[in-house]
Amino acid sequence: MNIDFTKLFFTFLGLMIVLNWGLLMSAIMRKIGARVAGRYGIPWFQPWVDLIKNYAVRSQITHGIMFYLGPVFRLSGGVGLFLFMPILFGSNLWSNFSFQGDLILILYFQFFGMLGMALGAGEGGQPHSFIGISRGLSQFTTIEVPMTLAVISLAVQYHTLSISEIVAAQQGGIMNWTMFTNPFATAAAMLSLLGAFGHSPFDLVKAPNEIPIGPPTEYHGTFLGVLRTNAAILHVVETVLFMNLFFGGASNWFELIIKSFLIYFWSVFVGMVFPRFRIEQSVVWFLKVPLILGIIAILLL
Amino acid sequence: MNREFLYIVLTIFLGVASIVLSFISIHSKKLSLAVIAVGVVSLFASILFLLMSAPDVAMTEAAIGSGLTTLIFFYVLNKIKKSDA
Amino acid sequence: MINTEYFTLGHISLLLGFILIIVGFWGILTQKNIVKIILAFSIADAGINILIVSLGYVIGKTAPIIDGSVVQKAGIDVSDSIVDPVPQALVLTSIVIGFGVTALMLAYAMKLFTAKKTLHINKFNDLKW
Amino acid sequence: MLKNIIIAVILIVFAVLFFDLFMLYEARTGLTGIAQYYAQNGAKEVGAANLVTSIVVTYRGFDTLGEVTILFVAASIISFFLKLKENDESKNISSKDTTEILVTASNVLVPVIFLFGIYVFINGHLTPGGGFQGGAIIATGVALMILANPNIKINTQIIHWVESISGVGYVVVGIFGLILAGGFLDNKITGLGEFGALFSAGAIPIIYSFIGLKVGAEISNILNKYQKSQKND
Amino acid sequence: MVTPIFIVATALGVGFAIGVLNKFGRNFTGALVLAALSFMTFISFQWFYALTFNNLSEAYVFTGGFKPPFAINLLMGQYESIATLMINLIGFLGAVYLYKSLKERGSDAQVVYLILIMALNVLVMTRDIFNLFVFSEITSVAIAGLILLEKGTRSISAGFKYIIATSVISTIFLIGIVFAYFITGTLNIDDFIGISLSTYKGGTIVVFLIMISAVLELKPFPANGWGIDIYEASEAGFSAIISAATTTASLFVLYKIMAFAGAEWNYYIALIGMITFIGSNLLGLKQDNTRRMLGYSSIGQVGLLITILGFKDILGENAPFIFFGILISHYFAKAGLFWLSGIINASNLKAWSIIRKKPILLFLMGTFIFALIGFPPFPSFFAKWTLVMDLVKTGNIVWVIGILLGSLFEAIYLFRWFGYAIKGDAEKTEEYKIEFHKIIPVWIVALSLYVLGYFIAQYNEFTSVINFIPLAFVALIFAIDFMPVLIKNTIAIIGMIFYFYTIYPQLDNLRLIFEVIFLIGGILALIAGYLHKGKRIGFYPVALLMYAGLTGILEAKTTLEFFYGWELMTAGSYFLIIRGKRSMTHALSYMLFSLAGAYAILTAFGIASVGQSTWSLSIINNIQYIPLWAYSLLIIGFLTKTASIGLHIWLPGAHAEAESDVSPMVSAILLKAGVFGIVLTLIGMGAENNQYSELVYVLGWLGAITALIGNLAAVFQEDAKRLLAYSSIGQLGYIVFGFAMMTHLGWLAAFTYTINHFMYKSILFLTIGAVVLRVKTHNMYEMGGLIKKMPFAFIAVLISIIALSGVPPLSGFAGKWLLYNAVILKGWYLQGAIAFFSGIIAFLYLFKLISSIFLGQLKDNHRNVKEISIWFIIPIYILIVGLMIFAAKPELILQPLGTMISQYFPEGGLNWNGGMATTSIGYWHGTHIMIIVGIMFAILFSWLAFLSRKAQKVKQFNIVYSGERPFTPETTHVSYNIFAGYNKALGFLVLPWITDFWTLTTNIVHDISGFVRRIYSGNGQTYLTHIVLYVVVIYFVFFN
């Protein structure tokens, strides 16, 4: 592999853009959420403040090497997804390292971060982490099923597993988007996205409104900073993935920002409307509606 | 033919008697009676053997079948009776 | 009238043999007293012996002994004058065997009786299934 | 009762089988098969007047050996089956005294019976009767002895000796037949002799004597065991 | 040459003479009897030798000095010589065994015994039907007497039942004989044959009477209550004689009678035998009395032999081989088992655990049971093989099914018994001593089985090809089993390395892959064996037996060799599995599933050989007769070994309870034998232009569902090894799924999975096994926090679970990537989605495994545990190196694999461009991804390390929540039932309904058995009624 420093630079730049856009997007969403609830909400720069504060905490503790590695795995997962994802259509520089692996790589690389995080949190020895992980993993398995069906459906539809080629196939008008050419697959995938983001009604994993339980319970300071960094990146990358697969991709940053915002907004919107599911409810729910949609998507091929 | 006819009549008589005796032996409550009845059946059989020109068989049946066998039966009966008493 | 073809000494004794066997079996299968069962075996034995001998019977022929006064020297063909000697030989064996077996059964009966003080066959079912 | 009915049904069906057999039978008017051969050649080949004897002792001598063996086996089994406790011999049978007549009769009759038995088996090749009949007669004599005097001590050793020697003798004569004549138990190890005479028919008188003695001894043995078992309470 | 009449003359002469000789004492008479028996054995051996090797022609023995039919004659021919040799030999050995019992009963008993053996000889040799009757009466009387060798009422009542039953039978026999004489004028069997008796007027009914009594003497089910009783009630040594010698003679009688009965009887005889075989073995299931169970088994075996007699015309020239092969195995094995039962003297099956005190007895018992069931290298194996082959070839598949069903029933109770012996609770510590004169005959028969097994394999060209070298090596290891582990382990490893070195040039690539897994994997697993101190008696012979079988499968050129190896492997692995602590029931179910599978394979091989002139393994490539069935049977057979869903219930227990270093052998290695079989079958079905797409379609679904259910079940396990076991089921599901796709990519994926599964499952089982050795529990919720104590173990598990879960960049991803490409190209979307779903489920159990064991809070009682043993770490890290190489340079393995698969699927392979693999839809560069992820991970790690360089290490209890830690039972531990919510949602999928199904099946079979055996009321009279009824029923069946 010849090291292409230009590309490395653009990749790093892209990562920074994505990170900041992710932070901003989360601030906007929380603001909207607060307004809907009749609160004032946070200032738009609050995520940056939090992040800096976390990174700057001086006294830190660790529970062992795996505890240490947990956030690293998590962030590697997020960054890795970004690395293997073509960000802008038609641009070699913004396509990162997506030519080393295809859609299946992306699907499986999602697990990388999760698994590491689960292990790290496990070593923390905090029972609430365990509970959070077990819920998270349980829910995650079922989220992925409709997603997989959708991906298979796409792969068959476009006869490729390369994301770039899938995007390419959707060019030339809004009616070429997968959203219209394969609505069932899109619907299945969009429902599974709700779970992937872990917003209400699927937010039992972290249970944010109560005492801080969930996988990151034991993490704080720098570790928490790393996790939040990852969250910001991951949100954007996932929306970009959906954008690429179902909504025609983006050929410039502006288009990317609009589309990713809308996709992200969809999950927040649902979250504001529906109350939280218990874990077995969400598992069953994902195996009902989205799964059926996914199967229809495949059967219609 | 006369002799043959006589034999037949005798055989029928012996046969009917044997069958009756064997039923008696099977259904009698008294064991010693039953044993004697069987001994007599055996004896009748040996007469029948004589009628059928089988003197060797007749001798054997008389000595073993109706004699010794009956004797052994009585040994057993005796033994049982003594234990009952 | 009686069909003479079926009214020979052989037929009648054969029939008697069969009847005695069946009666013996009846006793064997229905009597509960072990001595009675053994008696029934004796009856069946007698029946078989009668049956065998009657199979060897030839109408009006003499015993298979070559009488010295009638026959002057060895080697004469007597096949026209005697009954079949083979079944008689078999029956001799059968009688002796029957005696041996009966003696053994009776020995068993005595042993069984000493073991349980009864001769009821239903009581000796300690081996089953 | 139901069981008896079922058994009756089974036996009736069984009788059908017998009826099929019965219908096979037709009255014979002559000899066929091996019987005819025996009738034609028996006297010549074996030299015995009594054809049944020639069949029993020679033609089907092997059966007879087996037959003797059965008695022997039965006697052996009964003897280890009804075995007394060794020190029980002294105990007398508590039976009523037998009548005088029986005792006297037995004293007179037993030797006669024995002699008659011997006569029957020695003449087995000439007249009706033979080893089995003779043996049975001898055994009857023994039975009479026992009945007359329940406490009599039959000398079991003698019975054993007789039984053993006659048995071994039988087998040895058989082997002589194998070596000297045409096969195991062949009677032609000596000359056939004059037809109809006492010492004729080759080894048949010898063999029949052995058989007679053996059968007599075996049956006596069985009777003796039964007799002894009476006191084994 | 000594004429056979001396068998009779000797026995009778000695027998009669003992009447006077007994005053010299019972030892003298006993010695005399032994001398007579050995002389009789010598006579028949001499005839056997002369007839078999010197081409002597058969000899008639005339008695009375006249030719038959006028006098009785005996025949000493080839078969007669074998039968009499068998009878006399077992008579002699039995006399040695019974020496004391006979002596105790006195010279009378000794004589009766001698005469019994003589009479059996005459039964075999005589050619006169009435003579047959006389000597069968002698036999009956003698048996009725010798039952009394055993004291007590039971033997008396059994003897009485026996004698009245045989009297009824002989009555019928005698009637038949005299009527036969009446209609033919002769009593000679040869005459009957010459005039073909059954064509005579009235001949059929006469033959019926004779035949039915000969059959009844063999104790046909269900008219055999009296026969079973004598097995149970008589002295064990005498039961052996009845089972071995009497049976041989009675079968021979039947054989002689069949000679003149006419061909129309063959079918009925076969049917009677089959009913007896199945019925008897069915009833054996419910037995808990050893002798009675052995009695049922004996009668069952006789039933099988009767069936073979019924098929003698159809089987043609192979019939004697089959008949004597099965008879001899039964004869030696059953005699040995009865003798053992006399030595152990435990009437209840469960009490047999006391045999463990003398492990060598266990070896003998195992030998006999395996010989009875028909395992190699025993003669019955070859006989059963030939039988099934010939029956299938002649279109009698239904009969084959019956035979195999009966055998399976028999295997159930025999192996259950064996399980009790090896693993039952040894509550009673009753001492027993082995008398010298009793154990010697047992040894002789056991060794004879091995020797005969070797010689019979040379019987003809198709069996003589078997490679005995691995077996010889097993025997060597067995011989040095008294040595310490260190020596045996080293010898075993060196032996396997050497064998691998000699064998690998002969193998094609396909087989080489499996050979590497089998042997190299085996060697690695053996390294862990150095951990053991002491002798580890019994481990090495069986482990090597399994490897011998495995390599035998690969080396097999013929179907017979394949099956031979397969059965060896099954036997070896059974012993390996049953060595585990609570493995009794699991080993049994393993054995039963394996046997059922093996029988399916056997039948399929039989079908495959129809219309073929060769035994080559390649005949499965071209099956001409009902190929769909044959392939289905093959696949079902192999799926039992890969534990596909429905056939998997043996696996979790078997793997979980096995010893720490055995689990990888039976999981990572053994299961691959099934995979190899499936590959062979699929190749046979014609890879590219496969005509059985329905079959592989079903197979594909089965694989996908197996993957799902296996993984899901693993999620809910609390036992670490059980979890891994279920995981194996799931993984094997993927493999089956991959092969079922029948495309290049599918196979590539499946092979990748095969290799990967071998590596990571070996690592996991070795590691977890080693951890279990340290912490002394399998339950994960009783562990925790071990990362501090066992970092090496943790790293090994971490790497292998990343690989197993398929997360890039490790090698598992290669399999996943190939599988999805294959699925999409094949068009099996739904199955693919299920497979994908199960892949994600794998995360749940993998997380549970690693976090419950290594993460979280350390348990108090584990404060002092040490790192896992170095002997485990060595093989584990060797495997990890392999795994990492595969991950970093996948093309090293995938390219040769692709080349190999191209033989079968030339189209649709991967395109390689350097390290970049592309299919028509996707692409993947394993090396680059590894590098990118590695670099990124390193950067981020150093960044974090820099940021929190001053982080303070604290104890795990020092968590934000509280310092409070109430005492709680383990089941409230957070690791317990960790996926409770998931269970609520999806648990219904893994409800044990398959186990329930099999349990139900078993119960139904047992209930039937329990119900049917009530016909054996114990009442002698009822048994007589059965006999008469049996005669009547057969009469009407035969004549209508």
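A, B, C, D and E are the chain letters, set down in written order, and residue numbers restart from 1 in every chain.
Just so we're on the same page, a residue touches a chain if its C-beta (ideal position, glycine included) is under 8 Å from a C-beta of that chain, and two chains touch if they have at least 3 such contacts.
Note that the structure is predicted; figures quoted are calculated from it, not measured.
Steps from chain D to chain E, minimised over paths through touching chains, total 1.
For the pair chain B and chain C, chains touching both partners: D.
Set against the C-alpha centre of chain B, every other chain centre is closer than that of A. Taking the mean of all protein Cα atoms as the centre, the chain whose own Cα mean lies nearest is E.
Of all chains, the one whose mean C-alpha position sits at the greatest distance from that of chain D is A.
Chain B and chain E have CA centres that are 59 Å apart. Centre-to-centre, using mean CA coordinates, chain C is 52 Å away from chain E. Rounded to whole angstrom, the centroid-to-centroid distance between chain A and chain D, based on C-alpha atoms, equals 107 Å. Across the assembly, chain C contributes residues 8, 10, 15, 21, 25-26, 29-30, 45, 55-57, 59, 63-65, 82, 86, 88, 92-93, 95-97, 99-101, 103-104, 106, 108-111 that each touch 2 or more other chains.
Across the assembly, chain A contributes no residue in contact with two or more other chains. Chain D has residues 7, 10-11, 14, 21, 25, 34-36, 38, 50, 52, 60, 63, 66-67, 70, 73-74, 77, 81, 128, 132, 219, 222, 226, 229 in contact with two or more other chains. The complete set of chain-chain contacts reads A-E, B-C, B-D, C-D, C-E, D-E. Partner chain A is touched in their complex by these residues of chain E: 785, 787-788, 794, 798, 802, 805-808, 813, 816-817, 820-821, 823-824, 827, 829-830, 832-833, 836-837, 840-841, 843-844, 846-848, 850-851, 855-857, 920-925, 928-929, 931-933, 936-937, 940-941, 944-945, 947-948, 950-954, 956-961, 974-975, 978-979, 981-982, 984-986. On the chain E side of its complex with chain C, the touching residues are 130, 134, 137, 140-141, 144-145, 153-154, 156-161, 163-164, 167-168, 171, 174-175, 177-179, 181-182, 187, 225, 229, 232-233, 286, 292, 1013-1014, 1016-1021, 1024-1025, 1028.
Contacts from chain D toward chain C in the complex involve residues 4, 7-8, 10-11, 14-15, 18, 21-22, 25-31, 34-36, 38-44, 47, 49-52, 55-56, 60, 63-64, 66-67, 70-71, 73-74, 77-78, 81-82, 126-128, 132, 192, 195-196, 215, 219, 222, 225-226, 229. Listing the residues of chain C that touch chain E in their complex gives 21, 25, 28-29, 32, 34, 37, 41, 44-45, 48, 51-52, 55, 86-87, 90, 93-94, 97, 100-101, 104-105, 108-109, 111-112, 115-116, 121-122, 124-129. Considering their complex, residues 7-10, 12-13, 15-16, 19-20, 23-24, 26-27, 30-31, 33, 35-36, 38-40, 42-43, 45-46, 49-50, 53-54, 56-57, 59-65, 82-83, 88, 91-92, 95-96, 98-99, 102-103, 106, 109-110, 113-114, 117, 119 of chain C touch chain B.
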